[in-house]
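Chain nomenclature is as follows: A, B, C, D, E and F, assigned in order of appearance, with residue numbering initiated at 1 for each chain independently.
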Amino acid sequence: MFMHNKRLQYTVRVSETNPGLANLMLEQFGGPQGELAAACRYFTQALAEDDPGRKDMLMDIATEELSHLEVIGTIIAMLNKGAKGELAEATDSEAELYRKITGAGNDSHVTQVLYGGGPALINSGGQLWNAGYIDSIGDPTCDLRSNIAAESRAKIIYERLINLTDDPGVKEALGFLMTREVAHQLSFEKALYAITPNFPPGKMAPMPQFARTYFNMSEGDGDTRGPWNSDENFQYVGSAKQAMAVDGGSGLPEVMLQPGQAQAVEQLAARTLSDPESDPVTGADLGSGELPTEKAV
Amino acid sequence: MFMHNKRLQYTVRVSETNPGLANLMLEQFGGPQGELAAACRYFTQALAEDDPGRKDMLMDIATEELSHLEVIGTIIAMLNKGAKGELAEATDSEAELYRKITGAGNDSHVTQVLYGGGPALINSGGQLWNAGYIDSIGDPTCDLRSNIAAESRAKIIYERLINLTDDPGVKEALGFLMTREVAHQLSFEKALYAITPNFPPGKMAPMPQFARTYFNMSEGDGDTRGPWNSDENFQYVGSAKQAMAVDGGSGLPEVMLQPGQAQAVEQLAARTLSDPESDPVTGADLGSGELPTEKAV
Amino acid sequence: MFMHNKRLQYTVRVSETNPGLANLMLEQFGGPQGELAAACRYFTQALAEDDPGRKDMLMDIATEELSHLEVIGTIIAMLNKGAKGELAEATDSEAELYRKITGAGNDSHVTQVLYGGGPALINSGGQLWNAGYIDSIGDPTCDLRSNIAAESRAKIIYERLINLTDDPGVKEALGFLMTREVAHQLSFEKALYAITPNFPPGKMAPMPQFARTYFNMSEGDGDTRGPWNSDENFQYVGSAKQAMAVDGGSGLPEVMLQPGQAQAVEQLAARTLSDPESDPVTGADLGSGELPTEKAV
Amino acid sequence: MFMHNKRLQYTVRVSETNPGLANLMLEQFGGPQGELAAACRYFTQALAEDDPGRKDMLMDIATEELSHLEVIGTIIAMLNKGAKGELAEATDSEAELYRKITGAGNDSHVTQVLYGGGPALINSGGQLWNAGYIDSIGDPTCDLRSNIAAESRAKIIYERLINLTDDPGVKEALGFLMTREVAHQLSFEKALYAITPNFPPGKMAPMPQFARTYFNMSEGDGDTRGPWNSDENFQYVGSAKQAMAVDGGSGLPEVMLQPGQAQAVEQLAARTLSDPESDPVTGADLGSGELPTEKAV
Amino acid sequence: MFMHNKRLQYTVRVSETNPGLANLMLEQFGGPQGELAAACRYFTQALAEDDPGRKDMLMDIATEELSHLEVIGTIIAMLNKGAKGELAEATDSEAELYRKITGAGNDSHVTQVLYGGGPALINSGGQLWNAGYIDSIGDPTCDLRSNIAAESRAKIIYERLINLTDDPGVKEALGFLMTREVAHQLSFEKALYAITPNFPPGKMAPMPQFARTYFNMSEGDGDTRGPWNSDENFQYVGSAKQAMAVDGGSGLPEVMLQPGQAQAVEQLAARTLSDPESDPVTGADLGSGELPTEKAV
Amino acid sequence: MFMHNKRLQYTVRVSETNPGLANLMLEQFGGPQGELAAACRYFTQALAEDDPGRKDMLMDIATEELSHLEVIGTIIAMLNKGAKGELAEATDSEAELYRKITGAGNDSHVTQVLYGGGPALINSGGQLWNAGYIDSIGDPTCDLRSNIAAESRAKIIYERLINLTDDPGVKEALGFLMTREVAHQLSFEKALYAITPNFPPGKMAPMPQFARTYFNMSEGDGDTRGPWNSDENFQYVGSAKQAMAVDGGSGLPEVMLQPGQAQAVEQLAARTLSDPESDPVTGADLGSGELPTEKAV
């Protein structure tokens, strides 16, 4: 069960209100790399996890991410605090309020008009958060890799946000949040490699004849060799031009139909037959007024 | 530019039509771990990538994923081929057609009625594909980690699908697709580690005092130590019960308001004041018919 | 900041695994009336709330909802536990596994194949959770009304789920969760009426001439009078047939265009003019093969 | 059946075109608190309602909301009328057109480029309308509460929009729409309380031992007592620190597995075992170039 | 403004309740080709249309589509009427209710549990309706083409639904709705061709050298010639293998960077340089336990 | 199978970076009328198509659309190239970077912060691409009509974008892409009319008594006659005021309930009965403080 303490995990000190900056901060509140996504990711994994160590770790980190969601949400609330009062109380003229929420450097109109300045579960462009952001599939070696990647992405988004503000209190709190993503990545890395083997993921072996093949599907100037397609590591198939099916078969699909099905398929084909010999007058001909003179409709 | 050859990368041989199985296969056509997501992921990364080796590799693999999308989509089309004709031509009675698309083992009604049996960009539950499935952020060390994770997840989904069908042709084609995910993961791993250093991601250094701290936020029986939170690797903060802000501050948010803003905020607070001393009659009181006798409304 | 204790708020005892039932339970995990929606609703409101009493209450209840999310998610994980192992380890034949996840009474294929049996943030139909489920707008009298309504809805969904299972442990835990929705509704009712006045919401007064008017827009047998449209409470406008604009104006829109704009609008109108006197041959005429003989194309 | 009269319910008079303002107005056309959501909400409830009075009222108000959708959509069309012609006819230079749709105070690029200036079913941030905005569940006491809340929210959004424009015709029409939300709320309130009892919603009684308990889940300075958690109204559980399951049980989940299931689960656990004694070299170690010297890989 | 008459446009007579069939009918209530999409499509076009004939026609048909939405929604409500009562009142045992909503031929669990049997704005697979289904762009020749296509699609979905039920009253009402789609398509065709010219759409002329070229991008057995790529109608470019840019240029992208930008781009490239000469040990090597013996980490 | 050549189909030459313009270009990369939607539309149709000519054509055009996706995505990458480096390397001050991504004429903050300047599958407003944009239903006469409409819409969006930029290289490449939409529309028109008959779509005949009826559902000044509702083409039903069901029936819905169902429905009705004779005190009365003095609660 969860409990809450009214102190933030990291103290938030905002120098001045700035709804435009608040809007950018939404990226880590309700955006795909944000803290809600992180918390939901680890929490849902924890619930289904049976390994005691991983379950404990996932719940530890999920809980911390909720605390981060609170920190970033509080930053947003502080940055919006002035604007929220002004619009609700209509203390300025209409023209001034309009200018404030649509003016240069401030793309906060959605936040202000729709959400009243509260932190909303949207990204900085107003896109509603959705659970498609969470890529857990219930296999620990995959989910840990996904978590490692997610932490690295979140680190970068924080880095970009830090580069965009000179408010020292905001920078410091963002720096803490960014740092914790690094620490979490370290833990997930350890947890992944504490499973041996962890590659290839799952139980079923790949087909050996295709497991270390590299197909050069994009050809032309710019073809580059490196460890990801080197002869040392891969069988490099240099050209797809011949375009044979790699199994040596025809490359054509087959299916066995039951008699009734075959008949229905033929009937459908006949009914919707395309006549390649025709040259029909079309809607575009009608529409362009350029009917071929020789064709009577 | 893309070109297409009419042969499939891997020959598809389906023993008999099965719309229920086709429905499951949608998971890798229009699902989050499916081939469209993979192709879009690598293709969009390739477009923005300037490093020649990574750009080439990303385009090679994106192109192959498109070919895989064709393979899995063709499997779906073959599995649905009979049902498609039957519904379009109404060759069975209504009751029989209804039974066929809603009966046990067949959850294909969406596919049949809405999409006419064609492969649709939905997952096996009918959820529309959306670009939130793609987590690229334009930093190569992050995106490669995301790609590694994505390939591992796709491998597992194929493994599960293979476990659900005994059609040998379908199993074989799925096995090929599964195998290629492993090969792609290998390439992405090589590409990630060909960047040095690649950890921590990005340019900005984490705050050293929090970069190797582990907070035990979930307490109780089940606390487990392992390499992900060991004293060797981390400073383990064993209890959050004290619940102090980790920066040593108050844990309380602050913001500086301009005078006009402060006044508006106060005005708003006064107008929406909650009176803790009151014990108001409420809608629930009215609704339950259990009005306290001592309170006049 | 949040903390977590490894004990559930309510003990979960599941008699036997049942992925089909697990699937139904998703309604309150990742569905619109579920616990994630509840927690996010109150938590985001709490962050922006300045009134100390409401802020405290919102955070108390948000935290409890997270604990409920854990309870319902744990029920799902327990109900899926057997199926999860079977598919991952492929301990049954393909046909048997296929039958198990698609058979009568079990619509869990999405959960099993895509999420590996873990609790996912989807509803029972596979729809991804999205933040459009949360209707907070940052005004306390509105948000409290929204919360009251949300709690009442969640109560009913639990009631329906309880009616669908005879597993006593599941019934009991669901009963607890249902009960807590009632308790939360009571708190929100008290909090709403502790604001006086709270109706009409907001600061701006309605136009008195339309604030107590009832328009009978749906006419015919079945017109019914009651307190919601009674003469005692409303000015009842009995028929819309005359269809005059209620302001007494023309009911036609007007806008003043600048000269350049007017010219562009006229140019656009001329270019896309519809000729009402024509009787053009159309694509449908071409397509039906029923061209009117008297019209040359 | 529906009919339409070409007069608007309220005359729309717009002083000058303003695509930026049009963009804000979308909030009530295609936003979550907008008129389409309202109309759909009441219309779908009406279809399933059997009570004659409620059915009549819901259809009356649904029909009026459609008329409001027409009013707000017409305002948008008028505000965009000039810009629509200018872009379609390219009457300005490219630079001027670019400036007009991206300049300060005008965030209308989506509306202009994608929708050609027509009113679109998006909110002011471009988010597509979706049916997740509608929270009807088919229980009248819940749905009426939801409607009451929805009307109160819509009232506030109109109030905010009115505060942002000084065009008198727009203000007046918005004022009418705002007022009608108040009137509708009054009707829904009457209809809710015309059902007795209406609390708690539904048929199933809550568990008495938890129906009037308040858990203080968020602790620390700021704990506040009020009618929503007063001893008069609730049993106040002051501290969650002991963190016992409230049912007196272990707080730990249980499930009974069948023998085959148990075996599969154990097999899965063994295969994905996490070794807490290990200290594996990880990808992060490789990536940071800081391999511990004492560990051979 | 809209008005409503309590009679349906077409009388609905349902022989017996059938929640499974109700579920299929949702396709035309809240699905992409359904009546809400149709009504919204024409209504939003009508609001922005200035041509009097088209505006009138669009509003006529939009209004009729709302009446159709009422008809199909009423069919759903009738089909669900029995089930709605049973679940709300719990008149059956839990096991019986569970069987009824999850049994063979009945995929109505979402509809029953979440929406209480009311018609919901989802398709038959539970996907929430969203405004992405509406493709209006504010150009009449495009929008009319879109409407023609939409009517043809809706006709087919009704045809499929009719093929799935033998309830004569449902068949008849669906037949009416299907027929009206045909009639609407006829009107839209007439309206399109009443604009001359209407092809190509818009004002800007295509580049003549590419306006009648056909690129044979998909090569191999199966290449087929027909009027869509005949020499009579198109310049057929038979092979893409040479893969030159069609403009005769390099096919390589260029951009002019400012000095500061160029420096930043170089700095970024250097920092994330991929070393093609390396053969790094990777996470996959660690994970597979197959470290190449010759490489020290 | 797909192959890729590193040359673009059309050479992209960008004069200077411009993230604001890049943002607009997203409309045709990840927007509803963009190239991903086009490619997915034709590719999925091709997979299910059995007619050899249409299958070949669909795959030809799908492949070309992928090449167009590459062209438009490359334009975006070039336009963003400078900004991408600046934010990643933080070469400017925070204030300068903030100004650059939020300033007038630049709404690129989502693209920059979240996607790092790479082309993302969103429209110019940040809305995630979703498969609801694709309207294929698996009937060739419908799908070809949908394709014709889609090409015409895409043509217009390109035209609008061309009107917004004066960069000659961008204009030229967009002009090529626009032109190809015209050429594709021509092919789809030919393919549609090569099926005879193609109207009405599908196999089932409409009800003759309603197939050429036009209902004047929107009445009042502005009623206009034209070929879309002329007496020559349609039976014009001039007034809906009488509001009779068009089938001559009652216009009222009927359903036959089984005895147990009828009883449950009655029980539900009784439990949620609305008392039209009451005049209950409501929450609004409580909230407004305007309790009618004569009513005791």
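Everything below uses one rule, namely that a contact is a pair of C-beta atoms (placed from the backbone, for glycine too) under 8 Å apart; a residue touches a chain by one contact, two chains touch by 3 or more.
Given the structure is predicted, the values throughout are model-derived calculations rather than measurements.
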item	value
Chains in simultaneous contact with subunit B and subunit E	A, C, D, F
Interface sides of subunit A and subunit F: same vs different residues, half threshold	different
Pair exhibiting more inter-chain C-beta contacts, D-E or E-F	E-F
Whole-Å gap between the CA centroids of subunit A and subunit D	22
Computed distance of Cα centres, subunit C from subunit A, in Å	23
Residues of subunit C whose C-beta touches two or more other chains	1-9, 32-33, 53, 56, 59-60, 62-64, 67, 74, 77, 84, 88-90, 104, 107, 114, 116, 122, 125-128, 130, 132, 137, 139, 141, 148, 156-157, 163, 185-186, 190-194, 196, 199-200, 203-204, 217-218, 220, 222-227, 230, 233, 240-241, 243, 245, 251, 265, 268, 271, 274-276, 278-284, 286
Subunit E residues touching subunit C - in the complex, by the definition given at the top	1-7, 50-51, 53-54, 87-88, 90, 93-95, 97-99, 101-104, 107, 109-110, 112-114, 116, 122, 125-128, 139-141, 148, 185-186, 189-196, 203
Footprint of subunit F on subunit C - complex, ascending	141, 192-193, 196-200, 220, 224-227, 230, 232-233, 241, 243, 274-280, 283-284, 286-289
Interface residues, subunit D side, partner subunit A - complex	20-21, 23-24, 27, 31-33, 104-107, 123-127, 156-157, 160-161, 163-166, 217-223, 240-241, 243, 245, 251, 265, 268-269, 271-276, 278-285
Subunit C partner contacts - residues on subunit A that touch it in the complex	1-9, 30, 36, 40, 43-45, 47-48, 56, 59-60, 62-64, 66-67, 69-70, 73-74, 76-77, 80, 84, 88-90, 114-122, 128-132, 134, 136-139, 203-204, 280-283, 286, 291, 297
